[in-house]
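We just call them A, B, C and D in the order they show up, numbering each chain from 1.
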Amino acid sequence: MPNLSTKWLKKSPWIYHVGTGGCNNCDIEILDCLTPRFDVERFGIKLVVSPRHADVLLVSGPVSYHIKSRLQEVYRQVPKPCVVACLGACACSMGIFKDAYSVAGPVDKVIKEIDPNAIFVYVPGCPPKPETMIMGLVKALQKI
Amino acid sequence: MNLLILFYIPAITAAITLLLSRRIKYLQEIISFAGSLVFLNYALRAFSLRDQFLKISWFNISFIDFSLDFRLYHFSKFLLIFLGLFTLLTVLYSAGYFRQRKISRFYFPFISLTLSSATAIVLANNFFVLLVAWELVTLLLFFLIAMGEGKPAAMAAGKAFAILGFTDVALLLAVIALPIAYNTWIITDLKILVGNPLSVAIYVLMFTAAIAKAGAIPLHSWIPPAAVHGPLPAVAFLPASLDKLLGVYLFARITLDVFEFPIDSGLNMMIMIIGGATILGGVLMQIMQSELKSLLSYCAITQVGYILLGIGSGHPIGIAGGIFHMLNHAIYKSCLFFSVGAVEDRTKTTQLDKLGGLATSMPVTFMACAVAALSVSGIPPFNGFVSKWMIYQSLVDGRSISSMLFLVIAMFGSALTLASFLKLLYGTFLGQHQPSEKSADPAIQFNANRDATWTMRIPMITLALLCIIFGLFASYPIKQFIAPVIGLETAGITASISIGTALWNPTLATTLIIIGLLIGFLVYYFSRFKVREVETLFIGGEKFDLENEKLFASKFFEFIERTKILGGFVREGGKGIFDIYNISSDLGLIGVNVLKKLHDGILSTYLSWCIIGLGVLCFILMVM
Amino acid sequence: MRSIIPIGPFHPLQDEPENFLLTVEGETVVDIDVNLGYIHKGIELLAQQKTYDQVVFLVERICGICSITHTVCFCNAVEDLLKIEIPERAKYIRTILGEIERIHSHLLWMGLAGHFIGYNTVFMWTWKYREPILDMMEILTGNRQSCGMLKVGGVRRDLDNQKLSQLLKTLDELEPKIKMLADAVQDDPVLKARLENVGTLTRKDAIDYCVVGPTARASGVNIDVRRDDPYAAYPYLDWDVIVLNQGDVYAKFLVRVLETLESIKILRQAVQKIPAGDFQLQIREVPPGEGIGRYEAPRGEDIHYVRSNGTNFPERLKVRAPSYINIPSFYASCINQQVADVTITLAAVDPCYSCTERMISAKDIRSNHLWSQKDLIEISSQKTIKIASELGIEPDLPILKKYLLR
Amino acid sequence: MDNLFLYVIAFLIFPGFLFTSSFGLIVSWIDRKVSALIQWRVGPPFFQPFYDLLKLWHKELIIPATAKKNGFILAPLLGISSVTLLATILGIINLNPEYQFIGDIIVILYLMIIPPLSIVWGGFTSGNPFGALGASREIKLMMGYELPFILAIVTVFFKVGSISLGEIIQYQHVHGVMLNLPSMIVAFIVSILCLQAKLAQVPFDISEAECEIMEGPFIEYSGPLLAVYKLMQSMLQVVFPWFLISIFWGGTSFQGWGILWAVLKYIFIITLVILIKNTNPRIRIDQAVKFFWGWVTLVALIAMILMFMGY
């Protein structure tokens, strides 16, 4: 029996955005995706305000030590199944902050500490354009 | 069956318990309980008896016949059952409540005595008997309230006694006037057509006594202090249930049986204005309270307004609704007081802000309180809804702009009542647990990890069940208890209120809701959701000390205080500016000051006053 | 009977993690505490490990919205250190980029402010108007944000004059829309009821808390680095500083709308006046010394301080972003407001936490003792008392007291 | 027993759950689509609300440890049951105005309180301070809009002289719809404003203000229970306007062209709601209560006076 939950998940992924220390650039481009030009509501994507409602955790920025435990906590709060989308160069690989003393690591490393089976999508770019993000999300939905 | 046995049982119980010492544990309780059980048994038997009269001749002074007349009829029949029931439950509850507290040894005897005199009021067919018993209840109320802790209880008892005593004097005047003006004070013989000033005066005096007992504005102000400082079971027994039953009983009896009103008397309007004012004033004070008992006491005031509106409408459905509401009110208000008492018993406080999160540790109390709270707010399918609905219907049939306004006030008051009770439920039972460390005082122990004892739980459960049963099967109490009182045929009233005959049938609607819930639960159970319990709440991702996160219920409606007119009213009301007790004591103080000035100790001044007084007396005697 | 309502670190009010603890009575806020530091990344330390050319890219990523701000400010600082004057064309290009950024940042804020008060139509419309501006950025520089255009001693790439004329066309289309927005804001009674007399920052408070940028200008403080300490091409252009007096959120909204119109005016002049010629200087080496750069960011005055020891790497870079100054003013503007008002008041200074997250640790070298916040406040208050006694006046420590009592 | 079976069918299928919920989901699509068009967006596809619901239904359910578990689960179910009952009563009476009972509007008015009550209950039992804050705002809002709403509805009662919905509909069949009268138009405007608050739409979505208190009472709900709440809200979008149509606009008929006419009336009201929603910011809770107790009540009183003057 095919997993029904993923079938419907593809049709209406609700996104919760977690900023973990990015430079704001990815964050505002996420908001840009909602606005008239890109309008991701066409695909049923909706930005929600509580992780309890989320299907996709959109993480932008390198994970600083201070925010690390909070990010893990938010990941625990999300009802499964869920996808973690790493947005931007920093979230994928720490980018320019690779050598910084207060950065704990890229998002996937931090999340895998608590859930090795988490599903990840990477959207590189500094910042990724909204088009790129939409493409990344579409790919993410195909992946599950 | 001899009617007198109904007085004897509680009186004997009182006499026996009076002799017993509190030192032997539970003895007073058991005997009082047995006594009220026997009483209830006889009351139930009396319910199936025919209507009957009883006359015990005593002595006559000229045309005044001091005989003891009693009459058993439908109104007294069903009231007797509930008097017995409330006494039984109160005694049972008191047994648990006073397990660890001290209480005067006169408490249980006085409860039984109260039952005895209340029975006398209910059965009286003679205003003399009624008056004596009425005074007795007032006196017993004074003593019972004064049994609370410390000086405030004595002050509250004094206040209650002052207001009720004052209105009892009004009743006394009216009763004295009756044989003078109409040659008799036997209730069934009286049929007074209200027209001349004397009859109006008699009615108004009696009415004053009745609504003071019931606690309508402006004679309400004895209830809140008495409720806060008196011993809680006594408060649940007298001001919350018995006084309401008796006050409304007298009011209904004089309005329906004794006095006849011309159609355009304007009296209905007066009653309804008092009712509307009681609802509005009571409910506005009620939502601002942050102390459980005073919130409930203001609610007790508010609900009297509904009863007055119903009876004042003059419509048969309204009167039936008013009387039914009286009954319902006694049920859920006792239940609410009982559950608050259980909370107080466990946590030693009734301040809304010091409580919280008791639902998990006290589930029975919570459920009882929730049922009673929803019922008092008039949420279907509980009993409060049915009686309020009948009152609304009578108001709509009034079809004038005034009855429309009263309808709006009544429905709005109901919404505000709901708001205030949600605040109560949240502040007490939901929300966060109150930390136990904070009570530095060893006397204030937080002992809220288990529910109340069974003696306290059973009364609450019984009353909560009554709330549900009287809501779901409302046609039964209306047919059995209410319809005979107002003289409507059973079939007639059910047809005109159409409970149980048409589409809206509380039972059907509830069945449908329950079917919905059942299907929901079945789906919930069978679809095997992955359910995960997590430790933490989502409050923005940060881990916080939840104790600081508590939202205090007492501040829910603070914005009302910040508005100009309404806020001013509420603030001033809170200070007691509308309290007739304060007003009259202020006036009394002025009078005393005036007298003080006259009372200067100089002989000639006294002499001149004497001469002036003589002159006035002469003038009155000569000219009048 | 006080309870605490936390806002953040993950709260829809802000995209970035931050934490406000609102102490409330009912719904009235009686105290506010700001906790920052969630996204501290150590940029200042990183900058010491990079060459001056690389640092430009690093400071660009201090904040995505103010990417031009920080780069220009850093370049200003280094140029101040070098004591050189950059070519005219580079100045104009910097002005153009800066003003484009200002327009997009203000429109962004207006949209978000609409979103925060539940007016999603405003959010969508302003962000729609913002798109052509970002397109222009992409056409001119190759990226929507973080364009990598700046360089110490000028700009990295030249702008195509033909593309500049396209900018004029975009501005012509944008201007009536902004004017419409300004009119709509002034006409809407519900919006006024929601924003007027909310989060008022009086002129005295604004000066006391040293706020900068639109936050200060909405409170009647007439400051603007572009005019007071000119850089780039601003001295050659004609424009006004918008100053309003009410100090509430509504005034802040209006200041930003009107400033957007001023920016359009500046851009038009800059595009017309831009001279031909060289657009960068070749910098061979950086002498030891220190330099300060100031820049009027969309949020207020930004300051970069650079110290060089003669090597290829800066010895110290200090960034003081405008939000860092504006955030403490919450204490003056949020107290005794409703929770619903506080949220919009918090957003009204357009705070940018990625700009703000700098860390300072103070260490006593002699005793190797690390000073805590409380110690520093103690020292500061003692100094205040000392100065006050020298001046012969009463020391005034209202806000510091709050921390000392803890 | 036969009767009960029919009622259960009515409750579950036609005017009840199945009809109202699917219609409600279509309406919530209309809501989102029209909002999107106003905001120059394309908006979601037609089946989007269904997808959302099905997805939520299959998600994991998270129950916080501090929540009062039974109340937490019961609250949304109670809400949706009462809305279904409301729809059943409204539907049966609209289908067959003779099938009435005296005073049914009072029942309907009180049943209308239960869905907000279930939201409040959910917020309180979740144990989350934001949930409690949102729930307390919901109570305040309820206090605010009840007064003018009752005034507006009572105006109709007294015009018709009955508190039975069937009689009101029949009266309108005979005397023409209520909205022909100026006083009723005023009352209708008042009730549209209250409708906006009852549906928790901007400017009165104060209880779930997403940028202030993060959806308030719904913050801890996830998966199936959230789906139930969402479904309840979209069913409310059907039931409340339907009630207004019934008492002000001649009710709905399900025969011939009546269906189209009924749908048009409904779409008019819902479009009005969507337009108000998209052209206003959210107001503060005290402003909302003052607005309802002040201006709206005043207007409702004017409607009442007009009604007594015979207009």
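By our rule, a contact is a pair of C-beta atoms (placed from the backbone, for glycine too) under 8 Å apart; a residue touches a chain by one contact, two chains touch by 3 or more.
On a predicted model such as this, the values are computed, not experimentally measured, just so you know.
Chemist: Count the touching C-beta pairs: is B-C or B-D ahead?
Modeler: Result: the pair with more contacts is B-D.
Chemist: Indicate, using Cα centroids, the chain positioned nearest the centre of all protein chains shown.
Modeler: Minimum centroid-to-centroid distance belongs to D.
Chemist: Taking each chain's centre as the mean position of its Cα atoms, how many Å separate chain B from chain C?
Modeler: Their C-alpha centroids are separated by 64 Å.
Chemist: How many angstrom lie between the CA centroids of chain B and chain D, rounded to a whole number?
Modeler: So the centre of chain B lies 35 Å away from the centre of chain D.
Chemist: Which whole number of Å gives the spacing of the CA centres of chain C and chain D?
Modeler: The computed centroid separation for chain C versus chain D comes out at 45 Å.
Chemist: Based only on mean CA positions, could you tell me how far chain A sits from chain B in angstrom?
Modeler: Their C-alpha centroids are separated by 60 Å.
Chemist: Could you check chain B for residues that touch two or more other chains and list them?
Modeler: Residues 530, 532, 534, 536, 538-542, 549-551, 556, 559 of chain B each touch two or more of the other chains.
Chemist: For chain C, jot down the residues that touch at least 2 other chains.
Modeler: Correct list: 3, 5, 9-12, 17, 27, 124, 128.
Chemist: Mark out which residues of chain D touch at least two other chains, giving numbers and ranges.
Modeler: Those would be 39-41, 57, 60-62, 129-130, 133, 210-211, 214, 219-220, 223, 285-286.
Chemist: Mind pulling up the chain C residues that touch chain A in the complex?
Modeler: 9-10, 12, 15-17, 37-43, 45-46, 49, 57-58, 61-65, 67, 108, 111-112, 123-124, 127-128, 130-131, 144-146, 352, 354
Chemist: Across the complex, what residues on chain C touch chain D?
Modeler: Listed in rising order, the residues of chain C that touch chain D are 3, 5, 11-13, 27, 114-122, 124-125, 128, 190-191, 193-194, 338-341, 343.
Chemist: Which chain B residues qualify as touching chain C in the complex?
Modeler: Those in contact with chain C are residues 353, 539-542, 544, 548-552, 554-556, 558-559.
Chemist: Please give the residue numbers of chain B that touch chain A in the complex, ascending.
Modeler: 530, 532, 534, 536, 538, 541-543
Chemist: Flag every residue of chain A that touches chain D in the complex, lowest number first.
Modeler: Listed in rising order, the residues of chain A that touch chain D are 4-5, 8-9, 11-12, 14, 35-36, 39, 41-42, 44, 46, 48-50, 52-53, 55, 77, 79-81.
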